[in-house]
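The same chain A turns up in both complexes below, where it pairs with chain B and then with chain C.
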Partner chain A sequence: HSVGAGLCAAGMIAIVPGYISRSVAGSYDNEGIAIFCMLFTYYLWIKSVKTGNIYWSALCAVAYFYMVSSWGGYVFLINMIPLHVLVLMICGRFSHRVYVAYCTVYTLGTLLSMQISFVGFQPVQTSEHMLALGVFGLCQIYAFVEYLRANMTPEYFNILFKSLVIIISSIIAVGLGVLTLSGKVAPWTGRFYSLLDPSYAKNNIPIIASVSEHQPTSWSSFYFDLQILTFLFPAGLYYCFSKLTDHNIFIILYGVFAVYFAGVMVRLMLVLAPVMCILSGIAVSSSLSTYMKYLDGSGSQTKAASKQGKGRQDTNSTQQREGTAYLFVVLMTFFLVTYTTHCIWVTSEAYSSPSIVLSARSHDGGRIIFDDFREAYWWLRENTPEDAKVMSWWDYGYQITAMANRTVIVDNNTWNNTHISRVGQAMASTEDKAYEIMRELDVDYVLVIFGGLTGYSSDDINKFLWMVRIGGSTPEGEHIKEKDYYTPSGEFRVDGEGSSTLLNCLMYKMCYYRFGQVYTETGKPPGYDRVRNVVIGNKDFELDVLEEAYTSEHWIVRIYKVKDLPNRGTR
Partner chain B sequence: CLIHFYKRKMRVLALLFLAPLFLGACLAQKRVLVLLENVAVKETHSLYFSMLQRNGFTLTYKVADDPSITLKKYGEHIYDNIIVFAPTVEEFGGSLSAEAMMDFVDNGGNLLVTAGSVTGDVLREIASESGFEVDEDGTYVIDHHNFDTKDGGYHTRVISDAQNMVKSDLIVGTGKLPLLYEGTGLLTDPSNPLVMDILTGSSTAYTHNPSLPIKEYPHTVGKATVMIAGLQARNNARIVFSGSLEFFSDEFFQAEVDTGNGKLVPSGNFELAEALSLWCFKERGVLRVDGIQHSRVGEGSAPEFYTIREMVQFYIDVKEKVNGEWVPFKPTDMQLEFVRIDPFVRSTMHVAKSELIGTTFKIPDVYGVYQFKVNYQRLGLTRISTSTQVSVRPLRHNQYERFIVSAYPYYASAFSMMFGVFVFAFVFLYHSDETKKKTE
Partner chain C sequence: DRSVDLSSQLVRINYKMSLSNTGSSGAVKTFLFGLEPSTNDKVAFIGAAVGSSDKTYLRVSETKVQAHMDKTFYKIELKDAISAGGSATVNVEVVLGGAQEMYPAVITQKEKQFSRFIGNLYAYLPYSVTSQTTTVTLPSSNLESYTKTKPVSVQDTTIKYGPFSNIAPFTAAEMSIHVENNNPMLVVTNLLRVIEVSMWGNINIEETVDVKHNGAQLKGSFSRYEFQRENSGVSSIKSFKTLLPAAARDVYYRDDIGNISTSHMKVMDDAVELDLRPRFPLFGGWKTHYVIGYNVPSYEYLFYKGDNHVLNMRLVDHLFDDMLIENAEVRVILPEGVTDVVLDTPFPVKRMPNGKHFTYLDTTGRTVVMFQSVGDLTENHIQDFQIQFTFPHRTMLLEPLILVLAFFLLFLLSIVYVRLDFSITVDEGAQAKMKVAGYCEKVASLQDRRSALYQAVEDAMVKLKASKDLSVFQAALKKVASDHKNETTAISELQVTIKNVNQDLGEKVNELQRCDKIYRDYQAQQAVLVEKLVTGKLQKAAYLDQEATLLKKKTEIADKINSLIRAF
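Then we have the complex of A and B:
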C-alpha cells in the first residue's frame, strides 16, 4: 500500500499479543516460525502477482515450502492463494501476470511440499488440497479460452466455448464424485473438518474437542489479543475496498477468512493477528496521511494565501481543517499509545507468567509459592530407576520428560489417539481393570495432579470427564460410558451423592487417598475439596494395586507405584 | 594400564574372598530346620530323615515350641527349608510365627508342612496364606471302598491309587504303587492359579468326622478331597502341605497294602515322599537362565539398535538342576515373544548350537521399542520370565532401494526427454529455412 502503512503494520505486529502468545519462551510452538513463513510467502505472492515474474513466483514457491515444513496450517495458505486467483477471475481481473504467478507457485510449491514426509501424497489425495488443484485446472482453461477468444471469430468461439464448458464441467464433476465416493480422494480430515462444522469434533473426536485451544473464541479474547486492531480492521477493509487492486483483494480475502476461522478456534487467533495488523496499519497510515496533508498543506497554503492576500474565508476553512486534523492526529496517537500499554500488560500478565511455579496471595497479603511440580518431578528424577515408566495424563508428558527425565506413556504430542484412550480407560476404570491395563503398558509409576488441598482448579479431577470421553471413544473402551460418572440427576459430583462408578474409579482413589483425614478449611469437616467445594464421598479406602510413593508439599502432585502381583496367589 | 592391572588384581582378590562363600552357599542350600511334635517323631520317621540325609541335606531338629528357635541371624535366614512335623502345635516357640514363616517363603525358602485330623491354629493360618484350607478338627479322609484293613474299622486309613497324583514326574516321581494315607482333608482355593493338588482321594473318598453321623454335605468329596497340596509361589518358593503326618512315617513306608483282590503290594509312600521332598526343596524341577544373546543373523554381538525387516537371532541358555548338577535344558515348547505392548512375533525355540535354544525371525515392518520376552511356566518347573528391551528404528534415508523397478518407465521418460530436448535444441537453433536459399 504505502511505506507508511507497512511501517505502522510492522510496529503493530511486533507487539500484538495474539502473535506473542505463541512465541514466548515456554509457550513456543511451530506457529511462532510458521507465521513468519506465512507472511513471507504472502508477501512474495503479492509481489509475483504484481510483477508477473517467474523469479518472484519461484521464490514464493520456496517460501511456501518453508511454510509447509514448519506447520500444518499451510493448508490455509494453499487454499487462500487459489481462492484469491478464483476471486480475481470472477472479478474479471485475471491477467497473464496472475496466470504465470499461480502456475509457477502451484506446480513448484506442490512438488516441494510433497518432499516433506508428513505431507507425502496428500496434495493429490485429500480434499483440503483439491481447491488448489481445481483452480489450477481452471486457470489453464481460462487462459486457453482467452487465447482462443483472441484468435477466433466470435460465432465459432461461442459454439466451441459452450460445448467445451458443458463437456469439461461434467467430466470434472463425475470424476470428483467417483474419486470421493471410492475413497481415493480422502474427505476432510477431522482437524480441518471441525473448522467447517464445529460440532463435529465435539461429537466424534473428543480428543480434538478437549484441547482448550480448540474451543470457539469469545469476544473477550478477541479484544484481549487485539485491542484497537479490532475496530481499525473494518476501517482498513474500507480503505482497501476504496482502492481495489489485485493485492488489495488478496488482503481483503485473507482478512475475512482469518476472522471466520479465528472465531471457530481460539488457536487460530494467531493467524488472524498479522492480517489485523496489516489492515489496521493501512487504516492508520491512510487516515493519518489524509489528515497530515491538511496539517502540512494548510501551513504552506496559509503562507501562500497570506502572501497573495487571499480572502479570510480560506484561512477560516483551512483553520477548521487544521483543527480537526490536529484533533485526529492526537486521537490516533492516544489510541496507539494505549495499544502499546495494553500489549505490554497482556504479555507480562497473561503470556509471560510461568505456569510451572504458581503463586497465590494468602489472607494476610503475603505471597505463597507453590513449587510442587518441580519438587515432584525432581523426586521422580532422583528416586526412581532410570528405565521407570510413568503414566499420567498427556498434559504433563513434556514436563515429566524434560524435568524428571523418565519415559512417559503419553505426552503433549497427542498424535496417537488409541494410546491416549487406553490411558484414559485405565484412569476411569476400577483398580483391578486398571491394573490389567497398567501391566499391559508396562507402567511403573502413576502421577496425578490434585488441587483439592490448595484450590488449584486445573487438576485431574476437573479434567476427568475428558479422560472418560476419550477413554470411551475407542473400541476397547466401550464399557466406559460418560453417563455412568454423573449422578442420576446429571451432575458431576464427588461428594456422597456422586455416582458409585466415579467414587470407585482409579483416578478418584489416587486423588483422594488419605484425603479424608485432612482438614483443609476452618469450620469444615475433614476431606473438604476446595476446588469442588464439597466434602468427598468415599473417604476411608485402601489401595490394592498401588502404593503411595510421593505426595508433594501442597498435595498438588501425587505419585503412586504399581505393585507387583502378590507372591502366593491372587489378591 | 595401571588401572587394568589394579582391576585384574581386584578381581582375583574378590574371587579368592568370595569363593569359599560360594562353596558355602552351595552347601548351604540344603540346610533344613525340622520342627517336631515331640522327640518321638524323630524315631517314628527315621527312614524319612535318613533319606533326606542321604540326599545331602543337613537337618536341625527342634521341638515345635522350643523357645530357642530362630530363623534369622543378622537379618539373613539361616535355613533354606523348613519341615513341620507338628500337626497339633498351637504356637511355635521362639521368634517363629505364621507371619515369620510366610516371610521365609517370600524370601525364597521352601516349606513342607503336615497337618493331621487335629490341626493347630498356626498351621491353619499358614495353610490359608498358601491358598489351602484345612478341614475341621476331628475329620478324617474316609473311603469305604479303598481302605486298608488294618485300621480301626472306621475306614480312615485309605488307599489312594497312583493315578490320583498330579501328572508331573518332577513332583511325584515315577512310582506306580498305591499310597497309604491317614489324616484330614484339604481344600484348595480354585481361584489361585499357583496352587496344585498333588495327591487327591479316589472318587469314593470324602472327609468327615468318623464318629459323628453325617448331617450335612461333607466339605470335600471324591477327587476334590485333597490329601497333599502344593504351591509354587511367584518367586519360585515351594510349599507342600500334607494332611497326614503318618504318611511319612516308617510304618507307612514299610506297610503292605491290600488292594482288595487279596494281593499285598508294598506302599508307594517312600517313593512319593522322596520325590516330593526333592521337588519341594528345589532339587528337582529347577531351571535357571544362564544367559541371553541376541544379534543380527551372521553377527556375534548385540547391536546398538535394530532396523525394521532385519533378520534377528535370539539364543537363551537354560539349565536344569539334575542330581545336583546344572545340565542344559532342552525343551521343545519354549516360545520367544517379540513384544511392543502386544506380541508381534511369537516363535517356538528349538535346540541350536552348543546347548543353547534359540530361534531366528524377521523383525516386523513397524518400528518402536520392543522386548524379547520368554515366559515359560510348566507344571513342576520353576518359572522363567525374562525380558530384554531393544529399539527398532525405521530405515535411514539411504537404506531405501536406490532404483524402484516399477519406476523404470518414468526414468526412461525423464532421460529420453532430456536427450530429446538436447537434440531438438541443436535442430531448432541451427536449422535454416529453404526459402532463404531460394531467394538468393
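Then we have the complex of A and C:
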C-alpha cells in the first residue's frame, strides 16, 4: 500500500496480544512460526500476482512448503489463494499474470507439500483441498476458453462454449460423486464442519467442543486481544475498497474470512491478528496522511494568505481545517498510545506468567506461589516405578509425559477419542465400575486436579461435564447420561442438593477425599469449596479401590494409587 | 573410655585410649586398632588424634596381620614412640554409616520411627584392656529395649556401661539398643560434583544430588490432610540446610523441570547457608534429585607461579548435617591446553581416565580429571584435594583471537562482496544515476566555495566600514573575483557534462549559474554603495535605504540558490 501503512502494521503486529499469546516465550508454539510463514507466503503470492513472474511464484510455493511443514493451519492458506483467484475471475480481473502465478504456486506447492508425511496424498483426496484443485482446473478451462474466443467468430464460439460447459460440469459432478461414494475423496472432517457451522461440533463431537480454544470467540476477547484494531479494521476495509486492485481484493478476502473463522474458534484469533494489523495499518496511515497534509502545508499557506491579504473567509476555512486536523491527529495519537499500553498490560497480565506456576496475593500483599503442578509431577517422577501408568484427564497428558516421565493413558493428542472416552467413563462411574475400567486400562496411578482449596477454577470438577459428555459419546459408555449428573432442576451442583450419581462418582470422590474435614475459609463449615462457593454434599466416605498416594501442598494435584486386586479369600 | 553417639543417622564411636607399653625394652611406634567383623564393612571414616584441645592427626592405614587373617586392622602410627614402660593417650574416631537398622522397617504416616543398633559391648582390640566404659548417647529418651549387662545405668538420653575390668583381646558381646529415632535418615545415593575452572577468575561448581530417605518406609497412603493438620509424619524430611563457601555467588537450586521455588539463602560471615526444601516432603523410601550450583572467585582456590598452577579445593562439600554419601564422583574441568596434570587427594579415591569437555570456542577440548569415591563419605571427609597442572598464560588469548579473526573475516568478506558486481547485465540507468549524483555533489561543493567567497566579500565590507581603508578592500575584492571566476568556470564545465547525461539536471545547473550571477551583481552593487559611503559620496540615510532594497533582493536570490542546491 504505502511505506507508512507497512510501518504502522509492523508496529501493531509487534505488540498485538492476539499474536503475542502464541509467540511469547513459554507459550511459544509452532503456530508462532507458522504465522510468519503464512504472511510471507501471502507477500510472495501478491508479489507474483502483481508481476506475473514465475520466479516469485516459485518462491511463493517454497514459502508455502515451509508453512505446510510448520502448521496444520496451512489449509487456510491453500483455500485462501484459490479463493482470491476465483474472486478475481468473477470480477473479470483474471489475467495472464494471475494464471501464471496460480498455476506455478499450485503445482509446485502441492508437489512440495506432499513430501510432508503428515500431508501425503491429502491434497488430491480430501475435500479441504478440493477448492484449490477445482480452481486450478477452472483456470485451465478459462484460459483455454479465452484462447478459443480470441481465435473464433462469436457465433461458433457461443455454441462451443455452451456445449463445453454442460459436458465438463456434468463430468465433474459425476466424477466427484463417484469418488466420494467410493471413499477415495475423504468426506469433510469434523474440524472443518465446525469451522463452517459453529454448532456442528457441539452436537456431534464433544471432544472437539470441549477444548476451550475451540469455543466461539466472545466479543470481549476480540477487544481484549485486538483493542482498537477491531474498530480500525472496517476503516481499513473501506480504504481497500476505495482503491480496488488485485492485491487489495486479496487483503479484503483475507480479512473477511479471518474474521469469520476467528469468530468460530478462539484459536484462530491468531490468523486474524496479522490481517487486523495490516488493515488497521492501512487505515491509520491513510487517514493520518490525509489530515497531515493540512498540518504540513498550513504554516506556509496561512502566511501566504495573510501576506497577500486575500479574503478573510479563506483564512478562516483553512484555520478550521487545521483545527480538525489537529484534533484528529491528537485523537489518533491518543488511540495509538492507549493501544500500546493496553497491549503491554495484556501481555504482562495474561500471557507472560507461566500457566504451570500459579501465583496469588495473600492478605498482607505478599506473593504466594503455587508450584503444585511441578511438585506433584516431580514426585511422580522420583517415587513411582518407572513403568507406572498414569490416568488423568487428557489435558495434562503432555505435561505428565514431559515432566513426570511416566506413561499416560491419554494425552493432548486427541486423535483417538474412544480412549479418551474410556477415561471419561472411568471418571464418571462409581468406584466399582471405574475399578473394572482401570484394571482394563492397566492403570497404576490416577491424577486429578482439584482447585477447591485454593480457588483454582480450571480444575477437573469444572471440566467434569465434558468428561461425562465425551464418556457418553461412545457405545461402551451409553449408560452414562449427562442428565443424571444434574439436579432435577437442571443444575450442576456439588453440594448437598447435587445428584447422587455425581456425588458418588470416582471423580467427585477423588477430588473431595478427606476434604470434608478441612476448613478453607473462616466463618464457613469444613469442606467449603472455594471455586464453586458451596459446602460439598458428600463429606464422609472412604475409598475402597484407591489410596491417596500424594497430594500437593495446596491440594491442586492429587494422585491416587490403584490398589491391587485383593488376594482370594481375604475378602 | 568409649562413647557411642546414636543421635543421628550415623554412628559415631569415639575411643579414648590410654596406651601403655608394658614390654621391657624397645619403643612402640605403631599400634593396631581393630573393629568387630560385623561393623567392619560399615566404616565410613576412621581417624586418630593425639591431644584434646589442639589435636595432632595421626596416620591411619589398613593392614592385615599374619596371625589373624580373617580380621582387618588399622595401623596407627604414633607421633612420639612410647618407650618401654611409658604410656600415651590416643583418640580414635570411627564413623559408621548405615549401622542403624530401622525396626520396624515399615511404618504408617502416623507412627514414629524406631531404630536398632547392634554393636559390641567391648572394644574389639588385639590387646587386653585393663578397664573400659561405654557411654551411649541416644537420639531420644523413648527407649524401647537395650542390653542389660551389668553394671549399667540409664539417664535420660544416655546409657552407661561399665566399668569392665581386664577384658581379653577380641572379646565380643552383643549390645543392642532399640530407640525412637526421628532424625533425618537422609542419604545421598549419588553425588556428581563438577568443578569448572576458568582462567578468567571464576570457578563454577555444580553438584547433582540424588537423595533418599533411608528411614522406615512409608506404609499405606500419604494423607496431606493429616500431614498439614495433625502434624503427623514426624520422621519425614521437610527441609535441610546446606553450607556453601562464603564467597559463593549466583547460587541456583533447580532440577530437570526448572527452578525449585522453595529455598532461602542466608549470607553469613564464614559461609552461605541455604535452606533447601525439596519439592515435596520426603517420607521413608522416597527420593528426590536436584542440582545446586554456584560460582566462587578463583583467587581463593587457584594458586600459580609462572605457568605452574595448583588448584586446592574441597573434595566434597557440606550438603546437610550428618550427611552420608554413598557414591560420589568429582569431575574437575581444567582450562583448555593444560599439561602435566597431577592429582593429590587426602584419602584414597578411584581415579578414572581423563575426559574431554567442549564448550564455546574450544578447539582441542578441556581436560577433565575424574575420580570416584571409595566407600561412604561423611562430614569428616570434607577435606581439600590438590591438582597441579601447567598452563601457559598466553593460551588464554587464543579464544579472543579466534573471535577477532572470525569477525575480521566476516567484515572482510562483506567488504569484498559489496564491492563486487555479480550482475550479468550492466545496469546503465543505475550507473548513470550514480555518475550524475557524483556531479551534483561536485556542483554543490563548488557552490559552497562560492558562497564562502561571498562571505569573504561581506566581511571585507564590514571591515571597510570600520577602517575606511579602500586599498585593502580593493585588493580583497580582486582576489575574490579571480577565485570566483575559477569556480564559475568549473561549474560551467560540469554543467556541460551533466547536460549530456541528464537534460533536466543540466537545466537546473544553468539556472543555478544564472541566479548566482544575479547575486554576484547585487553584491557588486552593494560593494559600490559601501565604497561611496566610505568616500563620502553618499549620505548615510540614502545608503541605508538603497542597501535595504539590495539586501532584500539578495536574500530572495540566496533562497532560490539554496532551494536549487537542495533539489539536487
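Simple rule for what comes next: the second predicted complex is superposed on the first by the 527 of 571 C-alpha atoms of A that agree within 3 Å, B and C clash if a C-alpha of one lies under 4 Å from a C-alpha of the other, contacts with A are read in each partner's own complex, and residues count from 1 in each chain.
Here is the rule we use: a contact is a pair of C-beta atoms (placed from the backbone, for glycine too) under 8 Å apart; a residue touches a chain by one contact, two chains touch by 3 or more.
Treat the numbers as computed from the prediction; the structure is a model and nothing was measured.
Asker: Given the superposition on chain A, which partner contacts more residues in chain A: chain B or chain C?
Answerer: Counted on chain A, the partner with more touching residues turns out to be C.
Asker: Taking the superposition on A as described, I'd like to know which of chain B and chain C A:173 touches: first, second, both or neither.
Answerer: So A:173 meets neither chain B nor chain C here.
Asker: Output check: A:360 vs chain B and chain C. Expected answer is one of first, second, both, neither. What do you get?
Answerer: neither
Asker: Determine, under the contact definition given at the top, whether A:440 touches first (chain B), second (chain C), both, or neither.
Answerer: Touch status of A:440: first partner only.
Asker: Touching A:7, do we find chain B (first), chain C (second), both, or neither?
Answerer: Neither partner.
Asker: With both complexes overlaid on chain A, does A:327 touch chain B (first), chain C (second), both or neither?
Answerer: The answer is neither, since A:327 touches no partner chain.
Asker: Where on chain A is chain B touching in the complex?
Answerer: The touching residues are 387, 440-442, 564-570.
Asker: Considering only the defined contacts, which chain C positions touch chain A in the complex?
Answerer: Those in contact with chain A are residues 220-225, 229, 255-258, 260-262, 279-280, 285-289.
Asker: Along chain B, where are the residues that touch chain A in the complex?
Answerer: The touching residues are 102, 105-106, 129-131, 189, 191-195, 231, 233-235, 237, 341, 389.
Asker: In the complex of these two chains, what residues of chain A are touching chain C?
Answerer: Those residues of chain A that touch chain C are 357, 369, 371, 374-379, 381-383, 403, 514, 517-518, 547-553, 555, 561.
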